[in-house]
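You will see two complexes here that share chain A, one where it goes with chain B and one where it goes with chain C.
Entry: the complex of A and B
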């Protein structure tokens, strides 16, 4: 075997160089594919109305302007919508983490029937067809007078963010050595006590990551917000963004691009923070666990 | 674990023992109650609604009408058309996306320069709100000011075209956006799967003279298969349920050519107020999703056996 390999070395190095070139071409193509639309969004956001109306749109705006940002804020209640989104996302993250942590703890530590059922539900709800859920939710929330209310939306988002939050947290709980908890229980601490004073502090980074994920989920969500929020003063950012697109699909491109770009900043910032955890295989981890 | 805990707890009296025994119930409740009330409950209620004539804003009481909604649905050509479009969309997004992602994951698993940049940049489409992805691609596709038409013009490939409102081009144009939007996520998931492929096996196969393709089919793919299967099933399910992207891009137009089942059900429920009928549509979707979910779970179980 070894002799065969040595004899093949010269052609291999040449094919390897060709393969390398191919690999870099593919990688460059991928980067272009990723960056192209993003750069266009940014470029459109910075163009002056006159340049937007030009027959041949330029890649790079000749004299970049923030006029679109100002106009976007003037056309739609963007600041208010952003505040709504922020509030909803923050509350969703806080409540989701607060109620998911104890449950994740039980799911990770005890193979009881409840824990197993919960795990099963977590898997199934990943695939939840929300069209079937939204109609009854709408009716129930209407009865509770929680339609057109941010509280109602937060309730829906919390439950919607729970499966993923549980999944992330269960993994983090399993990473905490059981021995620490056993020591606490020998000292007479109950389960809640053990969780609060021994396990939870060690879960800090996991809880933070989960909260950030829930935040982004709520910040980006559109469908439930579209159905549940009616009055313009209550709507969240994604819903208000669609108002820039008129009935005939005609849009004021500059302000639309500017507003859309601004709306991505928080979630992109959060994802950048979480990058290591995400590339560490958040999804694949979920798939395998 | 419970054994290690019980003796000292018992020694400290009944109150403490109760806390230890029923502690897990108490900890599960804060999450379990909302789940039951806002997730499991509505799902069951939704299935019940499918057998009623529930409508919004009607004063008469809602009546039980049996399978009538489903019978109507059977003859509703518009629904089956949207169902067909949904399947074309889900497969049209999932399959090319998977193949591209697999190639990219293999690529990013190599020791290449710019790899870090590619991974960092991949976060952006993933993190973007779907509404913004839709808006962004509307700008790209824009017949007058869009970059796609401008590039095609520069290449001498015809004048500006309104891709999103052409009867023949709308669905492919929307599918392309779907592929773009989910590509990073699928790539990262497969990349994580690749990192579990034992390097030694690869090297052993290489020493035995196996070429790249041979190594892929005998070493990489068998290890990656469970993850790949699960990801594909999940992507199919997510795409069947997708709404925001196409709502922003075309609202289902032109002429219903991109009207996905979710868009159809949304209109039926919240534009025309046909709650019962829309719920029946939801049930049909659930049935299809359940089949996919079974595939997903089978993939998970097989993955568990291997691990």
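Entry: the complex of A and C
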């Protein structure tokens, strides 16, 4: 009996091992594909100008150099711009989440005609192109004396990120069983208490995912920052990056790649920090319980 | 939980307080905001240094340097003008000024320009910034299109080396390109990502004008034999002689440099300022030279859109702004800016500077072309951007690739083009 079993086991185990190896290979290939732009950016950042102009570019720099990084920092106030971007992105994420969470709760729990219209408007508002709104927005901010101010920029980013944030959070709120809130109510908790003590903790992953979305939106945004900020000391990283590009698209490629690579790191870091919560958050609203 | 939310709110408020704009000092010296588009290291340094020098010697008028960006400069300025928040002194290119000038966003400098500045720049230069009866900018740097060539390949092929005094004709250029070609190697690579401005500017050499202004001031498109010479040469090189690859027709200038350095292309027509990239990127044993672009019936004439300095119409201190421009464009200072940008100054006095006449890096060749530079044909034509994007760019692209013939190119440029221009001239 035992002999028969052992004679059947090896092929199954080999098949499983082969399948698993195939899965890992496919996964590795997929990860490499995803990481390719970042790796290529890093490779470009470490190449000398002469290597950058080679007809057949090498995957790995032959003589890696940090000269581009040094030049990028020497030419432009990258560190200061990165701080501005961090400040703006963090504030945008925080304010967007603070506003979107209670709004999403109301829209998810009270399915009235107004709530449905509001959801529709949220979807439509995503379709407006930047150039359409920039001049009226500029005039409004000027009235509020918020041109050339990071506060003004945060305000714009919050307004811009809010519809999608709201849309994301509505799904997450709906995924929280309403019975839990009813139980809290039976135990004597008021609406605010229920929201803060029962619903909000369950919304953690959704809030983290929404915050990350708002953070990345603000971190990458270029056009509003270009138009609204005047003082050199207030410019954000995407605006400063364009200073490496000249007329007719000519670029100082090495320093640009070095600066662009460094500019991706904070987003990657925030992703890494919130990764677990986000995975849960992205899936939470996906199916109805 | 409540404590956590409270703490988060306090942190947020503190952060937002940190974001608030700093206070403005009332009274005191006049402050002008100068938005520069300089981007190359030496050029940015020269601009900042000049601003420092101005501030050190003018206690009553301070200039604040603002780094602008060529990318999206038009949209950024348009928004700033509409919102009344434009910089006081504006760096741009002359072909971007027409809309702003006609839109009333730029100050007419006619009565403000000092005599030295006015007389120091030739009439052709001023023509690039004159719209209607007003002057809306000071042209200060310009660049001709030149041929950057592999010196060793030219020597080996034993072709005549052209000079500004004795340039190649377009026909001779075609012959030379053929001679420099071989299996896997091309005599010339045309980077024609922007086919319209390159074609129109070079066509001036053959007497092409394309835009004709009638007695009533209206502009119409007419594709004359002079307008045919340059496009026909390029197309023949690509489709008939195979001395130019089709693959670079959609490329920018920088994209052709790797092929140039590796010997794939012997010549590349590029703007004069590309020399900076070539100095930086060319292999150490690569020998290159700067040649004048081919000449036609009108010799070495070609169109340019110089870089300009303008003053915002809303600037409350226009006299001071012009005084700063005058300081920035003193001959010695213009030379510093020109060297930083690897371009030519428009000012005749600055052009005489020995630093711009050295044989090294082809400076002398470029300087010799300065007198033949004219305003780009479309400079002051209203509706040109739309004509360029909707009609001319696809038409030229299809013609160069061999998809349409010369008759269809003419038909589209004239018929469709005049319909577009007519809308702007009602």
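FYI, the second predicted complex is superposed on the first by the 208 of 289 C-alpha atoms of A that agree within 3 Å, B and C clash if a C-alpha of one lies under 4 Å from a C-alpha of the other, contacts with A are read in each partner's own complex, and residues count from 1 in each chain.
By our rule, a residue touches a chain if its C-beta (ideal position, glycine included) is under 8 Å from a C-beta of that chain, and two chains touch if they have at least 3 such contacts.
No experiment lies behind these values; they were computed from the predicted model shown.
Of the two partner chains, chain B is the only one that A:129 touches; chain C does not reach it.
By the touch criterion defined above, A:245 reaches both chain B and chain C.
The wider contact with chain A, measured as residues touched, comes from B rather than the other of chain B and chain C.
When the shared chain is aligned, chain B and chain C each come close enough to touch A:223. With both structures placed on the common chain, the touch criterion links A:121 to chain B but leaves chain C unconnected. Legend: residue contacts after superposition of the two complexes on their common chain; A:75 is shown touching chain C, with no touch to chain B.
In the superposed model, A:161 lies in contact with neither chain B nor chain C. Of the two partner chains, chain B and chain C are each touched by A:52. Once the two complexes are laid over each other on the shared chain, residue contacts for A:149 go to chain C alone; chain B is not touched. In the superposition on chain A, A:169 makes contact with neither chain B nor chain C. According to the touch criterion, the shared surface of chain A, contacted by chain B in one complex and chain C in the other, consists of residues 52-53, 57, 98, 131, 134-135, 138-139, 222-223, 226-227, 242, 244-245, 249, 251, 253. Contact residues of chain A toward chain C in the complex are 49-50, 52-55, 57, 71, 75-76, 87-88, 90-91, 94-95, 98, 131, 134-135, 138-139, 142, 145-151, 153-154, 196-197, 200, 222-223, 226-227, 230-232, 234-235, 239-240, 242-253.
Residues of chain A that touch chain B in their complex: 1, 4-5, 23-24, 26-28, 30-31, 33-38, 40-41, 44, 52-53, 56-57, 59, 98-100, 102-103, 105-106, 109-110, 112, 114-115, 118, 121, 123-140, 155-156, 158-160, 162, 166, 178, 182, 185-186, 188, 190-192, 195, 216, 219-223, 226-227, 237-238, 241-242, 244-245, 249, 251, 253, 256-257, 260-261, 263-264, 267-268, 270-272, 275, 278-281, 283-285, 287-288.
Looking at the complex, you find that chain C touches chain A at residues 1-2, 5, 8-9, 12, 15-16, 18-21, 33, 37, 39-41, 44, 64-67, 69-72, 75-76, 78-80, 82-85, 87, 93, 193-194, 252-254, 257-259, 261-262, 264, 271, 273-274, 277, 280-284.
Across the interface of their complex, chain A is touched by residues 1, 4-5, 8-9, 12, 16, 19-20, 23-28, 30-32, 34-35, 38-43, 45-47, 49, 54, 103-104, 107-108, 110, 112-115, 117-132, 135-140, 142, 144-147, 150, 153, 164-165, 180, 183-185, 188-193, 195, 207-209, 226-227, 230-231, 234, 237-238, 240-241, 243-244, 247-248, 251, 261-262, 265-266, 269-270, 275, 278-279, 281-283, 285-286, 289, 292-293, 296-297, 300, 303, 307 of chain B.
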